[in-house]
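Please go over the structures that come below.
Two complexes follow with chain A in common, the first pairing it with chain B and the second with chain C.
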Partner chain A sequence: MTERQLLVGPFNRVEGDLEIKLDIRDGQVAAAHVNSPLFRGFEMMLQGKDPRDALTLTPRICGICSVSQSAAAALALADAAGTQMPEQGALAAAILHGVENLADHVTHFNLFFMPDFARPAYAGRAWHDQAVARFTALDGSAARQTAEARSQLFHIAGLLGGKWPHTLAIQPGGVTRTPDARMRIRIRATLRGFRRYLEETLFGTELESFLPLATPDALEAWDTGDAALFLRIARDLGLHQSGIGPRRYLSYGAYPVAGTRAMAAGVWEGGSVTPFNPADIVEDLSHAWMLGEDAHPQSGQTVPDEDMRDPGYSWCKAPRLGGRIAEVGALARQIVDGHPLARALADEGSVRARIVGRLLEIARTQVLLEQWADALDPSARFMTPSETIKTGTGVGLVEAARGSLGHWLRVEGGRIAGYQIIAPTTWNFSPRDRDGNPGPLEAALVGAVAGPEEDTPLSVQHIVRSFDPCMVCTVH
Partner chain B sequence: MIRQKGMEETALSQIETFYDVMRRQGITRRSFMKYCSLTAAALGLGPSFVPKIAHAMETKPRTPVIWVHGLECTCCSESFIRSAHPLAKDVVLSMISLDYDDTLMAAAGHQAEAALEDTIKKYKGNYILAVEGNPPLNEDGMFCIVGGKPFVEQLRHAAKDAKAIISWGACASYGCVQAAKPNPTRATPVHKVITDKPIIKVPGCPPIAEVMTGVITYMLTFDRLPELDRQGRPAMFYGQRIHDKCYRRPHFDAGQFVEAWDDENARKGYCLYKMGCKGPTTYNACSTVRWNEGTSFPIQSGHGCIGCSEDGFWDQGSFYNRVTDLTQFGVEKNADQVGLAAAGVVGGGIALHAAVSALKSAQKKTQTSVSKEEA
Partner chain C sequence: MNLLWLQSAGCGGCTMSLLCAEDPNVFDLLKDAGINVLWHPSVSIETGAEVRRLLERIESGEIPLDLLCIEGSIVTGPKGTGRYHMLAGTGRPMLDWVRKLAPLARDVLAVGTCAAYGGVTSAGGNPAGAVGLAYDGKLAGGALDSGFRAKSGRPVINIAGCPTHPDWVTETLLLLADDRLETADLDPLGRPRFYADHLVHHACPKNEYYEYKASARELSELGCMMEHLGCVGTQAHGDCNIRPWNGSGSCTRGGYPCINCTAPEFEEPRHPFTETPTIAGIPVGLPSDMPKAWFMALASLSKAATPKRIEANAHSDRIEVPPGAGKGQK
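Take a look at the complex of A and B:
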């Protein structure tokens, strides 16, 4: 038996900083400890501020999912004030948010995840030349097309939100920009362009033929576009057996439009969905460099332990649902919402499943955006007045590209008295809890292959990136 | 990423020119010339500069750039990679080569650290260090750890042999939101840590993509820093207030203001000053260059400017409080009084116009040019 320890990091092509300690036994990961080494203290800065300032400050947690943060802050303020966005305002907010999520997924696939397969270590594999031409970091043909298509797509964020990143338009009562007929035409034209990009590159044919795929066999038979290249690589490298997560999935429900959520909320485990109850969330601090008691985020605090004492090993708190871990993200959303292929892959819970979950969501989000743009009615109201509250609490739950994002707000005397944020990667990359249970990534890494020559094992990188981590959101 | 070809070379003279790199990227001569004229225009230079830019790019070796990330949110990178003209992004990306960039590069772990070391050694004294984010100094820098060491160490190390430093965004330039009270990590802008190198501040949260590519193109083309204002910002982009070129400015002058979100006045596109717009005190190019390939900017989306390119914008009271003190610009009435006057009598309106024009000339900021030529 050979044993060694590896400290892996920094990771590139993940958003922010990440360090992982691996215990390796006989060429396989036996245990993983995930550390989020970047802490800024947003929850502390928000204390004492005008509650509306959360709309400007919290998006700056992250330059990649800033609209998600802004949507969560707006919902938390609206909840506290008892405000409801008018239907059209909610629609415009959903379009802004959907554009960001869609762009994030496409970026992840093309710029963050696939470039790993262009590495020299895979030279000689039948698919390697194709992967190199297409996905070499910065230079591959896909990188160029993606950057271009994304820029175009973000015109919509420009039109509705003035600028991206750090868009300001979403408010508790709706959106500040009332689209006019001309803008609606431009949004629809931009979406048509993005559909063309997706159909020419990622799917190789129309989205409508990818969307109904219902079984792993049908998926395996898919033979067009970059999706087919990925599936071929996944088959060859066994990515359907790698990085198995907790197989318990959580979604807060995405896009509040027309009085409901366009993608359903819930918890999936063992083949069925149960309702999600926000009261079941507790942030465990046992292995975080944080002082204080484990708490529900409504009453939680953020007090960093500047001595960074053991057994803490991360700035990340460990959120648990009903005392146990849950995976969040596109795969979780599609499973909970009931897409047949996603559900068929729920038990697989692998690197491949996560990527396929994202591909499904790319296609679905594109279609949703088109429907929402068609439904925009420039003559309607896009904002209702929202009172500034003096005292109260509110919660804003949204789905960011990477999974469930929640803001919990407490206002006293017209000032923020408490603000807690649980980001998607806080769930996925959380450290151990009081019972010693590892977080979802820590669990998924167990069993990963680490060759004797590897100091940053490739399999570990595939698994880490399959979650599309956002480390700047994780600890904020 | 690391260009393996580049890594084997040793002397600077052997490095490809920008034009070589661009040709390798499949950029046509025609597109190249178009890029040169767009760049000249963006930099406020006349058409006579187009051949100069072209010549420089054809003959000069590309400048190596090391791009590092401290406490930040990556919004600067996000902005940068979708700069306006698709070619600008291609050209600049290939030009600066990002010899070390930890968001986009291929390598990871020790390999990435080694790439950074190689770049520093190989281009000693010749590379530009682009810093996104800032170092937190509390607890010996333990709030931002890169490769097992505090980011501030990486920053000092990489700065030591840099030719010049670009502070991207509000974080690197001023501290930005993570420096908001009580600044839990003591997030500190770059110029307070590195004091012996020329530093160009390109503030904004994030900066506009075209401003970023414009600054870098200028430096690569002319091999010197652009003219800086007294705060160290490139004067060509930060010389005017948002307010000066705001398309809603006539409504400000006429005393027509939005009073509540989505009210009739909002739909008419009136001035957002009463909704907390910081345009009158913010120096940036948003109202001229605009965002997302010239699509729009915050005021155009009906939300006031929050002043994200100004020092301390995060701690100036609520973002939705109106700028109360405009007296520094010679305005003696508040917006309500101005509105009343304008609505009241025609004569009042004319007098006001005169006052506004006088105020305009008073607004011109005295630019102390501290352009630093590199040795």
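Take a look at the complex of A and C:
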């Protein structure tokens, strides 16, 4: 038996800073400890501020999920005030949010995840030349195309939301800019351009033919675009058997439009979906450098342990649902919402499944955005002025690209008395809890191959990046 | 020309914004200018041990460092240790890395207001002890001494903004690569003058409302946001309305106020961001280079002269009265 320890970091092509400690036994990961090494303290900053300031400050938690943070804050404030956005305001907010999520997914695939397959370590594989041409970091054809397509997609954010990231356009009462007929037509034109990019690169054909795929066999038969290249690589490297998650999936439900959520909320486990109850969440602090008691986020606190004492090993708290871990993200969302292919991959819970979940969601989000843009009614009201909140509590639950994001707000005397945030990667990259149960990534890394020559094992990199972590959101 | 980019305590939004660069895309822009990206945390291939080896070779002087870009503030807490941000895998605080690497670089660039002055990471009592590279808020001296000069002799170049416009970053880099950016091209707060010599007010589409002090009272109304909604575009440095964001946007075009995000301490305005503090109904913050009495006199005159069209549109979320309707009427 051979044993060694590896410290992996700085871990790049993830958003923010990440460090992973690996115990390797006989060429496999035996245990992983995931550390979010940056603490900023947004929840502390918000104490005592005017509740509306959360709309300016919380988007700045994260430059890649900025609109998600903004949407969660707006919903929390609206919830506290007992108000709702007018229907068209919610639609415009969903367009801004959908644009960000869509951009994040293609950024992840093209700039964060796929470049690893262009590494010299894979030279000689039948697909390697193609991966090098398409996905070489900074230089591959996909990097350029994606940067350009993404920039153009964000023209919608410029038009409707002033800028991206860090827009203040989404408010509890709706959106600050009322789209007129020419803006609506311009948004639709931009979306048609983005569809062309997706169909020419990622899917290699019209995305309506990818959406109905319902079984792993049908998926395996997919033979066009970068999606096919990924599937070929996944087959060759066994990515359908690596990075197995908890196979318990959570979604808060995405995009509140027309009085419902465009993608359903729920918890999937063992083949069935049960309702999601926010009251079942507890943040466990046992292995975080945090002081205080485990708590539901409505009553939780953020008090960092300045001495960074053991057994803490991360600034990340460990959220648990009904005492257990859950995986969040595009795959979870599509499983909970009931997409047949996602459901068929739920038990697989692998690197491949996560990437396919994202591909499905790219196609679905593009179609949703087209429908929403079409449904914009320039004659409608997009904003109703909202009340200033003096006292009360509110919850804002949304789905960011990377999964479930919640803001829990408490207002007393017109000031923020409590503000707790649980971000998607807080769920996925949480440390161990009081019972010693590892977080979803920690568990998924066990069994990953670590060759004797490897100091930053490639299999570990694929697994970590398959979650598309956002570390700046994680601890905030 | 070698560029190293490190992300410290920030949101990563300046990188995400940089990826929105157009004409051409960011990768071609840098490559065509002869800028070789040694490492960038979002887009480079190297991870883990590969990065640590690269950093060692830069630190030892084996690889020359021309452009050191730091994004995010530098946290000094807890208790001055900087351990609120250890650069993963290295066992060393980012504070230490920045202090070691900055003197080796030809030029040091603080990308974003966090890296420049502390920014949002230093809001609300500054729990992590965040400072900028060369400033702590408005005070000179941050993670680096106030007298710090890079090898070029230039101070830290503060590409302030929250986030930064992609062009502010790429054009600064391109000017440096072309050796066309001198200390004199920076304003007193270290910001490149090519964007900081403009005010957000310039070319703001709400200027006609401003001229008549026809003010929006609620967000989404078309009127000027200075009087009630916290807009400080008349004082904020930036060419946001001259050079739009993401195609055609800006904060004021999006219908929400400019919060002066290129300035030190913008994160603590001492009033809600979207509310203008007033004394006896008069906004506290007025254009800084105009005598207050003059401003007030002109404002009351122009308010009295406000055409119906402008008055009506100022309080609407869309143009109710087009120009030319009811000519000559008051």
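Note that in this section the second predicted complex is superposed on the first by the 476 of 476 C-alpha atoms of A that agree within 3 Å, B and C clash if a C-alpha of one lies under 4 Å from a C-alpha of the other, contacts with A are read in each partner's own complex, and residues count from 1 in each chain.
As a convention for this text, contacts are C-beta pairs under 8 Å (C-beta built on N, C-alpha and C of every residue); 3 or more make two chains touch, one makes a residue touch a chain.
Not measured: the values here are computed from a predicted model.
J.: Based on the superposition on chain A, does the combination of chain B and chain C result in a clash or a fit?
T.: By the criteria stated at the top, chain C and chain B clash after superposition.
J.: Output check: A:D53 vs chain B and chain C. Expected answer is one of first, second, both, neither. What do you get?
T.: Both: A:D53 reaches chain B and chain C.
J.: Output check: A:D280 vs chain B and chain C. Expected answer is one of first, second, both, neither. What do you get?
T.: neither
J.: After superposition on the shared chain, which partner residues are touched by A:I61: those of chain B (first), chain C (second), both, or neither?
T.: both
J.: Could you tell me which stretches of chain A are touched by chain B in one complex and by chain C in the other?
T.: Overlap of chain B and chain C footprints on chain A: residues 7-13, 15-17, 19, 37-41, 44-45, 48-50, 52-53, 55-57, 60-64, 66, 111, 115, 118-119, 136-139, 144, 147-148, 150-151, 154-155, 157-169, 171, 173-174, 176-178, 304, 306, 308, 315, 381-383, 385, 455-456, 461, 472.
J.: Please output the residues of chain C touching chain A within their complex, sorted ascending.
T.: Within the complex, chain C contacts chain A at residues 7, 9-17, 19-22, 24-28, 31, 37, 39-52, 75, 77-79, 83-90, 120-121, 123-128, 130, 162-163, 218-220, 244-257, 259, 267, 272-275, 317-318.
J.: Flag every residue of chain B that touches chain A in the complex, lowest number first.
T.: Residues 1, 69, 71-79, 81-83, 86, 89-90, 93, 98, 102-113, 136, 138-139, 142-148, 176-178, 180-185, 187, 205-206, 260-262, 266-267, 286, 290-293, 295-303, 306, 308, 314, 317-321 of chain B touch chain A in their complex.
J.: For chain A, which residues are in contact with chain C within the complex?
T.: My answer: residues 7-13, 15-19, 35, 37-41, 44-50, 52-53, 55-57, 60-64, 66, 107, 111-112, 115-116, 118-119, 136-139, 143-144, 147-148, 150-152, 154-155, 157-169, 171, 173-178, 180, 304, 306-308, 315, 378, 381-383, 385, 455-456, 461, 472.
J.: Across the complex, what residues on chain A touch chain B?
T.: For this pair, the touching residues of chain A are 7-13, 15-17, 19, 37-42, 44-45, 48-50, 52-53, 55-57, 60-64, 66, 111, 115, 118-119, 136-139, 144, 147-148, 150-151, 154-155, 157-169, 171, 173-174, 176-178, 304, 306, 308, 315, 381-383, 385, 455-456, 461, 472.
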